[in-house]
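Shared chain: chain A. Partners: chain B in the first complex, chain C in the second.
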Partner chain A sequence: MSEHAIEAVGLRRTYRSRTGWLRPQRREVEAVRGVDLTVGNGELFGLLGPNGAGKTTTIKMLNTLLVPSGGSARICGYDVVTRTREVRRRIGYVFGGDRGLYDRLSARDNLRYFAELYGVPGREQRRRIGELLELVRLDGRDDDRVEGYSRGMRQRLHIARGLLHRPRVLFLDEPSIGVDPVAARELRQTVADLAATGTTVLLTTHYMAEADELCGRIAVIANGRIQALGTPAELRRHADGRRVLEVEAYGVTDRQLAAIRTLPGVREASMDVVGAAQVLGVQSDAGYDVQADVLRALDGVRLGRVTARQPTLEDAYVAIVNRVAEERPIEAVAA
Partner chain B sequence: MLAVGALLHAKQLSRSPFEITTALIVPVVQATLAVYLFRAGGEPGRLLEAAVGAGLMGVWSSVLFGSGGAIQNQRWLGTLEMIMLAPRPPALVVLPITLATALTGTYAMVATLVWGRLLYGIPLDFARPLLFAVAVPGCILGLGMFGLLLASTFVLLRNANALTNTLEYPIWLVSGMLVPITALPAWTGPVAAVLPTTWGARAVREAATGSGPVWPSLGICLAISLACLALGALMMTHVERRARAAATLALA
Partner chain C sequence: MTALLRLIGTGGVIAYRALFNWTTPAMFVGTLLVGPLFQLFFFAYLGRQLGVADDRFYIVGNAVLAASVACVFGGTMAVSNERRFGTLGHVLLSPRSRTAIFLGRALPYALNGLLIAVSTLTVSSLLLGLRIPVTALPGLLLMLAAAALACGFFGLTLGAIGLRFRDVWLVSNVAVALLLLLTGVNVPAAGLPAGLRAVGGVLPITHAAEGARRLVAGDGFGAAAPALAAELAIGLGYAILAAALLKLFETESRRQATLETV
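Entry: the complex of A and B
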């Protein structure tokens, strides 16, 4: 058995597209720009990053759906380009969202079809499908058409499909996207159980709490490169020496946000919209008390709750991602 | 795997409201078209031939749109990546889809004949009923294998629909499904000779009307189709790799 379940060295991927016939425009987007990572057997590894960071492209190169433009990768010791079939026998792939299933077939028919595709022996299929339907708690609804399923149920069926052939490495690409909190918690439990039984899991997610709870190690990818890699505790250190001020506000302008970013001691400032309110997050050096300056910069804005707290993994993630936010993916447009 | 795959894909296809509506309307339109064409041509005695030809058009449309449309549907459903990810030769993954579309195409033939009988009183007096019962599935199987060759193109192209639309009418015209090949310009002859649709249509027509021996035509149809299957399998492996390089397996 190979020492590592997943190995990637200098993995790169460039997308090329062409538009127009008379005056064709060629466009190149370098989505992944040299990813190096190793994941041990049985490890639960997280890949975090903002939209367009290169997470899905990286996963698709590792699971053979995309041919890398450069670099190399091995799954269980098999090269993803030259030993495609060997790799595919050993991996499962689950992605988030509503797609990827045959809606007009039942869950059982979906699993039966994929069991055939993945070469699960006929005599074992019925038992394996029954086990998995029970594992993902779809027994009892297994003969209903998938088109009538909720998103959580579809997501659980996706997981069952990905596990049919007992893969050694499971790629989970944002499996909890759009899933309600209860279903997401059940999903996390299922993923943790899988890792406990020795399946290597590579998980991408936007939910920091999910990554913090599940993953032994996490890589933060942004702008096509891995920007930080370590245990959740190690990553949290990227926000060491900082404190976080959170201000609930209504009507903060971009100009005010920009002004806050230039205040002495401020390291990061970001804004999320939660319902009707804006939540302004300001990370500052621990030695500075920026609260008074921030509130002064928000003069005239209706404010809600103001809280100061210690940084979390999410704050560390924001710090890492913002550090590279100025860099853009290299795009070349040629006539 | 082929049988289970074809069966489940046929199940998925036959439950589509769009497919059901199309399956109800298209055979009526095609039967009507064929009947009026032959009546206008002063050959009302050849109405059965017209109905069979119209039915074959339906089978061809089903295979063509099935191979192209089904691949495109897989792309929309997000299942194309999932099935191509299976540790099987790509041709084995796609063949059940094209066979399923050929299976649903059988319905087009039956429906066209039934509508022709009910609406226009076309007598279903087949000269060789047993041979007709063999020639139709043989022709459909052949077209299903031909579909694999077409499907390989559709795996590569995201906008495969444009290609299917341009192929529908020229192929049934050149294959002599409705209009005799002899009535077409001479240059279409070599094109017709290499298309399995030409020989399949000929075999079915010969069985229906008794105008010639069925087996040679059916044999040539299946031989060309097998060649298409082999070529399609080779192309599919090549195309699957190209599609992974060009990132066209997914919708975006």
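Entry: the complex of A and C
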């Protein structure tokens, strides 16, 4: 048995595209620019990053759907380019969203088909499919067509499909996207149970709380490179020496946000929209009290609750990603 | 061996149910049973008007051709609908033989094609008054089966192109038109320019239609056997071509990232 479930060294992927016939234009996009990664057997590893950071491309190279432009990767000791069949026998792949299932078939028939494709022996299929339908709580609806399933049910069926052949490594690419909170909680429990049984899980997600709760180690990828790697506690140190001010507001303009970013002591400022309200998050050096300056910059804007708190993993993530966007060097964090 | 047969048999049937758009009764009857019948009537009555050939020529030829609709479009759906459902990536992640997975998919379409051809021949013969010798029936069934199988693999070849080009329906529509024109089903092969006749010679249907006409004319199985062998050889050729294209385009898609977004 290989020491590592997943090993990647200098993994790169460049997409080349051509548009137009008479005057063809060629474009090259470096999606992944040298990813080094090792994930131990039985580890639950998180890969976080903004949209377009290279998460899915990295997973597609690791699961053999894409050939790397450079570098190498091994799954359970097998090279992902030259030993694809051995790799595929050992991996499961689950991604979020509504697609990826045969809508006209029932859950049971979807699983029957993929059981054939993934080489589950005929005599084991019925029992294995029954076990998985029970695990993902779809027993009782298993003979209904998938086209009538909710997103949460589809997501659970995706997981069942990914586990059919008892993979040693499971890739979960944003599995909880668009899933309601109750279903997301059930999903997290299922993932935690899997890791507890020794399955190696590589999880990508945009939900920091999910990564914080589940993952033993997390890598933050941005701009095609791993920017930080460590346990959730270690990553939180990227926001050490800071504090966070959150302001609920209605009608903050881009100009005001830009002005807040230039205030003395402010390290990051971001804005989310929650319902009708905007939530302005301002990270500042702990030695500065920026509240008065921020409120002054928001003069004329209707404000709601104003709170100050300690930084979370999400704040650390925002700090890392924003530094990359500004092309500032990233400080090393011990793994 | 059992596992391989399960993949081809059970896997093929489940894939057919999952991916073939015309399995609902209305679509099946309307598109696959009634549609080819009216096409046959159109050419039979046109033939009568123009005096190009007799009813037997059009009935037998169009009945054999009827096998192609389910196969050509089915083969295309077998790949393009994978893109639509977003399942292509999961299929390609299978560690099992691509040849077995995809060639197994052609078989239900071939059976479907055979059913349609038999139904079209039976109904049109009854309605237009064509008498088929009873002794010709086993050979005729064999000929229709060979045509359906060859069409199934031809359809899969078109489907394989769908791994590389997203607008594969364009290819299917052109292919159906070519079968109509070049297989000698409605335009006698002797009336085609040599180049087009040569293309027709490597398409499915052409040899089966010729053999089926000989059988219905009462020439005996011996006279039709070379046509049967030629049709089976054409079918085998397309099976090999489909397997090679699937392999080639899958490899290329991993290098060029031309797969669907999964």
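Note that in this section the second predicted complex is superposed on the first by the 325 of 335 C-alpha atoms of A that agree within 3 Å, B and C clash if a C-alpha of one lies under 4 Å from a C-alpha of the other, contacts with A are read in each partner's own complex, and residues count from 1 in each chain.
One rule holds for everything that comes next: a residue touches a chain if its C-beta (ideal position, glycine included) is under 8 Å from a C-beta of that chain, and two chains touch if they have at least 3 such contacts.
Quick caveat: nothing in here was measured; it's all calculated off a predicted structure.
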| item | value |
| --- | --- |
| Clash-or-fit label for the pair chain B, chain C on chain A | clash |
| Partner chain(s) touched by A:Tyr93 [first = chain B, second = chain C, both, neither] | both |
| Partner chain in contact with A:Pro264 - chain B first, chain C second, else both or neither | neither |
| First, second, both or neither for A:Gly140, with chain B first and chain C second | neither |
| Partner chain in contact with A:Asn63 - chain B first, chain C second, else both or neither | both |
| First, second, both or neither for A:Arg104, with chain B first and chain C second | both |
| Touching partner for A:Tyr15 - first (chain B), second (chain C), both, neither | both |
| Partner chain(s) touched by A:Pro121 [first = chain B, second = chain C, both, neither] | second |
| Touching partner for A:Tyr113 - first (chain B), second (chain C), both, neither | both |
| Chain B/chain C common contact set on chain A | 15, 63-67, 85-86, 88-89, 93, 95, 97, 99-105, 109, 112-114, 116-119, 161 |
| Residues on chain C engaged by chain A in the complex (per definition of touch) | 2-3, 6-7, 10-11, 14-15, 17-19, 23, 85-87, 89-96, 101, 254-257, 259, 262 |
| For the chain A and chain B complex, residues of the former touching the latter | 15, 63-67, 85-86, 88-89, 93, 95, 97, 99-105, 109, 112-114, 116-119, 145, 161 |
| Residue numbers on chain B that touch chain A, as the complex places them | 1, 4-5, 8, 11-12, 15-16, 77-79, 81-88, 93, 241, 244-245, 247, 249-250 |
| Complex contacts: residues of chain A adjacent to chain C | 15-16, 60, 63-67, 84-86, 88-89, 91, 93, 95, 97, 99-105, 109, 112-114, 116-119, 121-122, 161 |
